[in-house]
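Here is the structure we will look at.
First chain written, first letter: the chains are A, B, C, D and E, and each begins at residue 1.
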Amino acid sequence: MSTREIFDGRLEAALLLAPTLLVSVVFLYYPTALAFRTSLFDSGFGRAEEFVGLENYLTLLGSSAYHSSVVISVVFAALVVAGTIAVSLYLTFLIHEVDTGQGWYLISVIWPYALPPAVAALVFLFVFHPTLGVLTGPIEALGLEVDWFNDGPQAFLVVLLVAIWKQIGYNVIFMIAAMKNIPDALTETAELDGVGRLHRLVSVYVPIMTPTLFFLVIINTIYAFFGTFAFVDLLTSGGPANATNVLIFDLYREGFSFFNFGVASTKSVVLFLVVAVLMVIQFRLTEEYSYYGA
Amino acid sequence: MSAIQYTKRRFEALRRAIGGDDEEESAALTGSEESVGVHLQLWLLVGMVAFPILVAVVVSTKQQGIVTSLPDLVPGTYAVENYREAIVDYGFGRFMWNSLLMSVVVVVGKLVISVLAAMAIVYYRVPYKDLVFLFVLFTLLLPVPVRFIPLFQLINDLGWGNSLLAITVPYLASATTVFILRQHFLSIPTSIVETAKLDGVGPVKFTLQVLVPMSKGVLVGVSIIMFVYAWNQYLWPLVIIDSEANQVAQVGLQLLQGDVQGGQLSWSLVMAGSVLTLLPPLALMVLFRKPLLETFAIQQK
Amino acid sequence: MTTITLENLRKEFDDVVAVDGLDLTIRDGEFLVVVGPSGCGKSTTLRLLAGLETATDGEIRMDDRDVTGTEPPERNVAMVFQNYALYPHMTGRRNITFGMNAGGSFTDEEIDRRVAEAAETLDITGLLDRKPQAMSGGERQRVALGRAIVRDPDAFLMDEPLSNLDAKLRIQMRAELTRLHAELGTTTVYVTHDQTEAMTLGERVVVMDDGRIQQVDPPQSLYDFPANRFVAEFIGDPAMNMIDVAVEGGVAVHDAFRIPLPAGNAAGETGSEAESLADPDAGDRPHAVLGIRPEDLHPARERPDLGETEFDATVDVTEPLGDSLLVHCSVGDATFKMSAEPRSSLEPGGTVSVTYDPERLHLFEPETGEAFYHSATAPAPSDRLERVVND
Amino acid sequence: MTTITLENLRKEFDDVVAVDGLDLTIRDGEFLVVVGPSGCGKSTTLRLLAGLETATDGEIRMDDRDVTGTEPPERNVAMVFQNYALYPHMTGRRNITFGMNAGGSFTDEEIDRRVAEAAETLDITGLLDRKPQAMSGGERQRVALGRAIVRDPDAFLMDEPLSNLDAKLRIQMRAELTRLHAELGTTTVYVTHDQTEAMTLGERVVVMDDGRIQQVDPPQSLYDFPANRFVAEFIGDPAMNMIDVAVEGGVAVHDAFRIPLPAGNAAGETGSEAESLADPDAGDRPHAVLGIRPEDLHPARERPDLGETEFDATVDVTEPLGDSLLVHCSVGDATFKMSAEPRSSLEPGGTVSVTYDPERLHLFEPETGEAFYHSATAPAPSDRLERVVND
Amino acid sequence: MGGSGGNEAQFSPIADELTVWHAMGGTNGETLDSIAADFEEEHGIEANMEFQDSYENVLTNTLAAFDSGNVSDMLQVDSLFAQQVLDTDQVRPVAEILPDDFDTDVFLDNVAEFFTVDGELASLPFNNSNAIMYINRDAFEEAGLDPDDPPSTLAEVRSASETLVDEGVTQYGITWPNHVWFVETWYGFEGELMTDAENGHAGDPSTFYAPDAVYDLYEWWKGMADDGLYTNPGIEAWGEATSLFIEGEAAMVLTSTASVAGLIADSEDFTVDAAPYPSISDTRVGPVIGGASFYVPEGLPEDRYEEIGELLRYMAQPEVQTEWHKGSGYYPITQPSVDSLREEGWFEENPMYNVALEQLQNGDASDPATKRALLGPARNVQTVIQDKSVDVVNSDDIGSEIEAMKSEVESVLTEYYE
C-alpha cells in the first residue's frame, strides 16, 4: 500500500467521490443502460413504446445499408488513426530535429486542436467545394476532377482529410512530449554510428514511443468514431451513395431526423460494442507489442 | 535531487522548446544544408495546416465572401462590417457568451469535483478505490453519441431542456481530468505528503494549501484541454438546445449562412463567425502553452 | 528528551519482511545511526518510529508511553527526509511553520520566536522569504532541519538527510549536525547507507541487514570488533580481506602461509564466557575464515617493527589512492588487498613480502559468519555498552 | 590506436564558455582520465572529441588527420555514456550491432564474430538475447561497453560510465576496465568527477576546472606535486589543510607555530629554473599559503621518529573513520585536520602536540594559487611526463 | 417518450414573450423581424422571431421540443413536413385559435386546400412558393440564346446548356439544390402521383410510384451530369446553388420563388430573369406548393392562445402579406393582397414576382398530383430520395437504382404506418 494514503475516513472519501460518481451514474451509466433498454423497444416520437425484443437488432443485421455503414466507419477509423499518427509523427520529428524556431512551429502545427469541428467542416467546405472551392481550381488544373458531391470515394477522402487535419495538433502535443523524453544519449549513439534520420525515427524513436503511440491510437479511435460527426453533418450528410454515412451520423439521423428512438438506440449500442471490441483488440496488441510488456 | 527538481529538469528541454526562443538544442546535430531541408519541409507542412484558416480570415474581410480561386485571396475591406453584423445583427455575440458560460461552468465544475475524486483516490485509505477509478475511467467509452437519446429524454424529464444545466451538468464527471490529476498527485513526492501527516494536517487544509498550489500548472493545463473540449461541443447542444437565446456558438454558426432557403449564402459572415469561434480556445492555448504541454507530458506516463 | 524502546518490532509488506523483530533501546539524548545496505529495512524502521507505518507486531515505547498504535502527531517526533520534502510553493518560513498549529500547542508569538531562533542557529535567516527553488541543496536541507527544530520534538528522525548533497557539502553538513546535536541534545535516530557518515556521526551505530540488527556498538568498536562477517565486510573501505583457513593449534593455516594467532579475545558475550580460542592451542577447526583489513597488511620492508611474521605474495594490480597505494595481491588460491606506502615501487607481477599486524586478526565461522576470535583485546565492558543479540 | 591532439580547443554556449582553450596530447594507447568538479567542461571536451559538439575554435587532430569539422561517424570513436544509452526495445545483441552497418565497414559474419568475441571478453554472452530492462545496472554497462568494443574504434570515449552503479559494482567494474584496457590497448579518454576513480584508473590524469586544464600528470604526481591550490584541494580526501603563513628565512611562520622548510623542490618548470625557495634562506614573503595533508600531520607521540618539529593545538572534534581517527584541531586562528591512530584517545577540548612530515609540505601563492614550493623531491622529469601549462 | 398525446399535454412556453421558430435567414429574416416589431407596436404584444437555420432544423427542434415540453408558440413548418407534425397530435388547429371574426376564405384556393385538414385550417399558410427557374440573361445572350424564350422542358434545358457550355460562356448549364421538392415539382407538372392514397391526402400511403416519366427525368439528369452540363451543389444546398448561379458558373438555376428578392440584389454582374419551371415533357399539369405555414402547439397555457391568435391574424393581413411578398418573393396567399398588388401595378413593374403566382394559378389545382405529398415519415422519405438521386445519377443502371429508391421509400412508409 502506498504511503500516500495519509487519510482514513471512509465516509469522507465517499463524500469526495460522490459528485463524480453521481454524475457518472446519472448522466453516463444510466443513459447508457437506458439505451440498451430502448434498443429492445419500438419507440419513436408520438408512438407508444412497444417491446419488440431483438427485432431492432435483427433489422440492422439484415440491413445492407447498415452493414456498409459499419464497414465504412471501421475503414474510416482505421485510416483516420493511421493517417493521423503517420502525419503527426513525421511533423513532430521534423520539429524535434530543428534547433531554431521549435516553439513557433509547434504552435503553428497544434492550433487546429483548438478549432471547433463545425468550423473545420465549414472551412473545408469552402476550400474544397467542388465548384466554388478556393483550391478546386488549382487541383483541377493538375488534371484531377474534384467532384465529391457525386463521387463517394472523393467525399470519403475529404471527410478523412478534415478529420486527420483536425486531430494532428492533439497528437503532436503528446508526441513531442514523448520524443523529448527520449534520452539525448540514444540519439547521440545513433549519430556516432551515422544512422540516418529516418532510420533513427523508425528504429529508435518509434519503438521507444510505443506507449504514447498506443495511447494515441486509442484516443484517435474514439475520436474517429465519435468526434467526427460535425464533419459528416456539415460536409456530406452521409452521402453521396452513403459513402460517408459513418455510424455516428447514421445514428444521429435515425434519432433526430427520423425520430426512431428504438432503432437509434440499437445503433448506439452497436456503435458502443464496435468501439469496445476495437479497444479490447487494441489493448491486446498493446500488450503484445509494447516493449514494456505490460 | 528531489522529485520536484527531477520533474523540473525533465521539462526543461520541453519548456525551452515551447518558449519559442531560439535556444541551442544539444540533441540536434545537423549539418546546415540538412536542416535547411527540414525547415523547408516544416514550412510547407505548417502552410498546409494553416491554409484553411488563413482562407477563413481573408474571406471574413470580404463583402460576399465568394472566393473561387487563389488570386481572389486578398483581404477585403468589409472586416469591421462583417464582424459587426455577425456579432450584433445575428446575435453571434450572444452565442459566444453562451458558449463561454457553458465552457467556464464545465471547466470549473470538472476541476472541483475531479480534484475531490482524485484526492480520495490517491490520499485516502479506502477499499475498492481502484475499482472506483476504473469505473470513472470506463466512462471514456461512453461519449455523448452513445447515450444522447436517453440522455435527451432524461434531461427533459428533469425539466432541464434548453438550459445551461443541460449543457453543463452531464459533462461534469471527467475521466480524463481525474486521470491526469491522479497521475500528478502520484508524482508529488511521498515525503511531502508524509510531512503533512506528521503534523496532522487535515484534508481540507491539505487540499487547499498543499495540493492545489502544487498542482497549479496541471490544473491550468487540464483547464485548457477541458475548455477546448467544452467549447467545441456540437452534437449535444444541437440536440438539447433549441432556443436561440441559449444556443452556443458551434451550432449558431450555421445561422450565419443567411437565408439558406432563400438561396443566400453569406460566406463572409460564416467565416467571421468561424474566426470568432476559434479565437477563445486559440488564445488560451497560446497563452498557456507551457502548462498545457507539460500536462500532456505527465499524462503519457 | 526521550528514551525510545523497540521490542520485537516487525513489519511485513505483502510478501516482504522489511523489519524482522527488532529489540533496541535508544537512549535519551543519544545520536544513534542506523546503517546498512539498500533494502535492509532502515527506512522502514524509522517510519515505524514516526508512525508512518503501522507495525505488524511488537511494541514501540517512548519513555513509558506505548505509542505503537498512535498517530504521528501524537508521537511528537520530527522527521527530516532525504529529498528535503519542502513545499515548493511556500517560502522558507511558511515551510517551517506550516502545520505547526495543527498540533495546536504553539501560540503565534511562540512560533515566531522559535522560527527566529532556529533560523539563527541554522544560519538561514536570509532564506526565510525565499522559495525552495531559489535555494541550493544545502540550504534546503537546512530549512528542513529548521522545520524539525522549531517543533521542539521529543526525537529527530532523519532518513539519509545528506544523501542528495554533493561530497563537499555533505562533509560540511555532517559537522553542522554534530554541532547541532551537541547544542540541542535531542534524541536523534539517523539513517544512512554511508558508512563514513555512520562512523563519524553516531554515538552508537546500528548495523542492519535483511531486516535484522547485526550489531549495535560505538563506531570504533564496530570497526575493531565486528560481530560477524557481514559487519566486518560492510564497515571499512576497502573491505576486510577474507581468507579461508584452517585453525590448527592456535595457528591459522593456509596452503601458502601460516599465521599464529596471539592469545586474544574470543568474541561472544564480552569478557564472560571467552571461548576456547582465547587459548590459541585449543579448538582446532578444519574451516574458518580469517579476516584482516588491508591497512593491517603491509609490505614487510615498510614495517620491520612487526617482526618476522611474513609471507610472500604476488602483486596483481596497484591502485594509487594518493595517501596510500592499494596493492591487490594473490597467494595460492587466495587474493587480498594490502595498503602500502603511497610512493612504494611495487610492480604488478612482482613478488612482495607481506607482514601483518598480529593485533588485528579476526576469525569467523564459515557457515554462520559469526566472529569467534579477535586478536585485539576488547575494551572494558563499560565501554562497549550494552549489546543486543538477535537471531 | 591513435594519438589525439587538441590545440587551443574552445567551446562556447550562448554566454557560457564551457571549454576554454585546451592544449593536450592524448597518446596512442593511453588511458587518460579527465577529472574535475561538476560543470568544469569535462563532458563538453569529450563530446567535442566525439563530434557531438562543434568546436567554437581550435583544432582536433587524430593522428595526422584534422577532424575538427567532421561528422561523428567519420571519426571512428566509440562512446560510453553514464546512463548506458541502450535502446530499451532492443536485445543486447541488437543494441550492440545496431547502426554498425551504417558505417558500412563490417560484413555480417564479421559482426557476428566480433559480437561473440566481445561478449566473451565481457562475459555477457548470456545477456545478448535479453532486453535492457531485464539486466542489472552493471550488466547494462557491460553491454554498452560491448557496443563500443565491437566497433573496433580508434578511441574509446567514456563519460562517467560507472556513476550510476552502486559502490561495490563500481569498484568491480573499475578493475574490469583496467583489465580490458590492458587487453585491447585502445586509446581511452575517461571522464569522471570521482577522484578515486581518476587516481586508480588513469595512466595520466587531467584535472580541469572552469573549462581549463589545471594539471596533467600521473596520479601519484598529482597527489604529491599539485600544480596549484585547486588541484591540491581537489585531489585527496579529506582535503589538504591550507594555512596562511608568512615565509621568513626559510621558515613558514604562523602566529602559533613556525615550520622550517627543508631545502626542497620549487614548483614550476620541473627541474629547470628551480625558484629561490629551493634555498630556504632566500625569498621571504609576507603572505603564502602552507598546504599539508591531514595524513601528513600526526599527534607527536605517535610519530616520535619525526623529530621535535612540533607545536600544540586544541582538539575540536574527532571523527572515527575506522582505519584512522580524523582530528579537527585549531591553533590560533587556523583550523586543520589531522589523521591519528584509530584508537587514540583524544578528547575534544584537550590539547594535542602535533608533528608533521617535513617531506610533505607545500606552499602556494595566495593570489594565483600557484604552487611555488614542494618539500619533497620531484621525480625525475622522464617520470613526470610532459606537462601542459595553461593560463 | 414524454409526449403522451392529446389535449392534456402540458407544455411550457420557452419565454414570456411569444416565440416563433422560423427558417427565414438573411433579408427574409429581417423582414420577419420588422413584421414582429410592427405587431408589437400595434398590439403591445412582444414577439420574438427565432431563426432556426432551416426547415429541417425547425422540424427537428419542434419534435424535440414536444418531447422536452418547452415549446415555442408558433412553428414555421415546411409544407413537406405538414403530416409529420400533424401526426404528433400535439398541435392545435389554427382555426380554433384565430379570432372568431377571422375569415378563412381569404386564402387562395390552392393554398387553403393544402393546409386544411378535416375541414379545418390546421396551420396558417404564410410563406408559400413554387420552384421556378432563374436565368442569366447576359449569358444567354452571349451564347446566342434568346433570354426571352427560356427553355421550358428538360430537353430544351439540355440544348440550351449545351450551347452555353460549348460557347464557353458558363462552365455548366444548370444547377439546383438536391432537394426532394424539385423532384416533387416534376412529378406535379407531369400529373403523376408520388405515392398512393393521393400523395397521402386520402389515407395512409404505402406505395411509391416510379412512372416512366421519372425514368426520363433521371435519364436526363444523369446525362446532364455526365456531360458536365449540370453541377450538383450538394444536398439541401440552397445557398450553394444560388452562389453557383451568381458566380456565373451556371446560367440557369432551379430554386424557390423565395429567392427572387435576394437574386435580384446579388446578381450585380448580370441581369437575372425568372421563368417557369421546366417540365419533363410538354405536359404541364401544375406545380406542387412549397414553403411553409405556422403551426401552434396544443397544450400551452390557455391565456397564450389569445395572443397567438392576434399574431396569426396579423400575419395574414393584406398589408403584411404584401410587405412580405415584396421583401421576399414568396407569393401573396390571400386574395385581398393579390388584389391590392394588382391594383398597384406591381406585377407589371416586377414581372419576375409574377412568374410563380402565374405558374400556381395556371396549375390544375384539382389534380391530386399537384398536391404536395403528405407523408408521416416525410423527413425520412426526403432523405432517401435525395440520397438516392445522387446514386441514380452516378450509376450506370438507372433502373435498378430507381427500384432501390422505390423499395427504400416503401419500407420507410411501411415501417411508419404498420
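Observations on the model:
Quick note on the criterion: a residue touches a chain if its C-beta (ideal position, glycine included) is under 8 Å from a C-beta of that chain, and two chains touch if they have at least 3 such contacts.
Protein names from UniProt, one per chain: A, B = sn-glycerol 3-phosphate transport system permease protein; C, D = ABC-type D-xylose/L-arabinose transporter.
Not measured: the values here are computed from a predicted model.
The minimum number of touch steps linking chain A to chain B comes to 1.
Closest chain to the protein centre (all Cα atoms averaged), using per-chain Cα means: B. Note on chain placement: the centre of chain B and the centre of chain E lie 41 Å apart, centres being C-alpha means.
With each centre defined as the average position of its C-alpha atoms, the distance from chain B to chain D rounds to 54 Å. In terms of their C-alpha centroids, the spacing between chain C and chain E amounts to 94 Å.
As a whole-number value, the distance joining the C-alpha centres of chain A and chain C reads 59 Å. Counting partner chains per residue, chain C has residues 52 touching two or more of them.
Among all residues of chain E, those that touch two or more other chains are 1, 64, 67, 240, 243, 247.
Multi-chain contact residues of chain B (touching two or more other chains) are listed as 24, 26, 29, 66, 68, 153, 194, 196-197, 239, 254, 267.
Across the interface of their complex, chain A is touched by residues 1, 3, 5, 56, 60, 63-64, 66-67, 87-90, 171-172, 178, 225, 231-236, 240, 243-244, 247, 249, 377, 379-380, 383, 386-387, 390-391, 393-394, 415 of chain E.
Residue ranges on chain C touching chain B, taken from their complex, read 50-52, 71-73, 77-79, 81-90, 98-100, 102-103, 132-133, 140, 147, 164. Chain contact summary for the complex, chain A toward chain E: residues 43-47, 49, 129-132, 149-152, 236-242, 253, 256-261.
The touching residues of chain B, when paired with chain E in their complex, are 64, 66, 68, 152-153, 155-157, 159, 161-162, 239-240, 242-245, 254-255, 257-267. Within the complex formed with chain B, the residues of chain E that make contact are 1-2, 14-15, 19, 21, 23-29, 50-55, 57, 61, 64-65, 67-70, 72, 238-243, 246-247, 253, 255-256, 258-259, 261-263, 266, 328-329.
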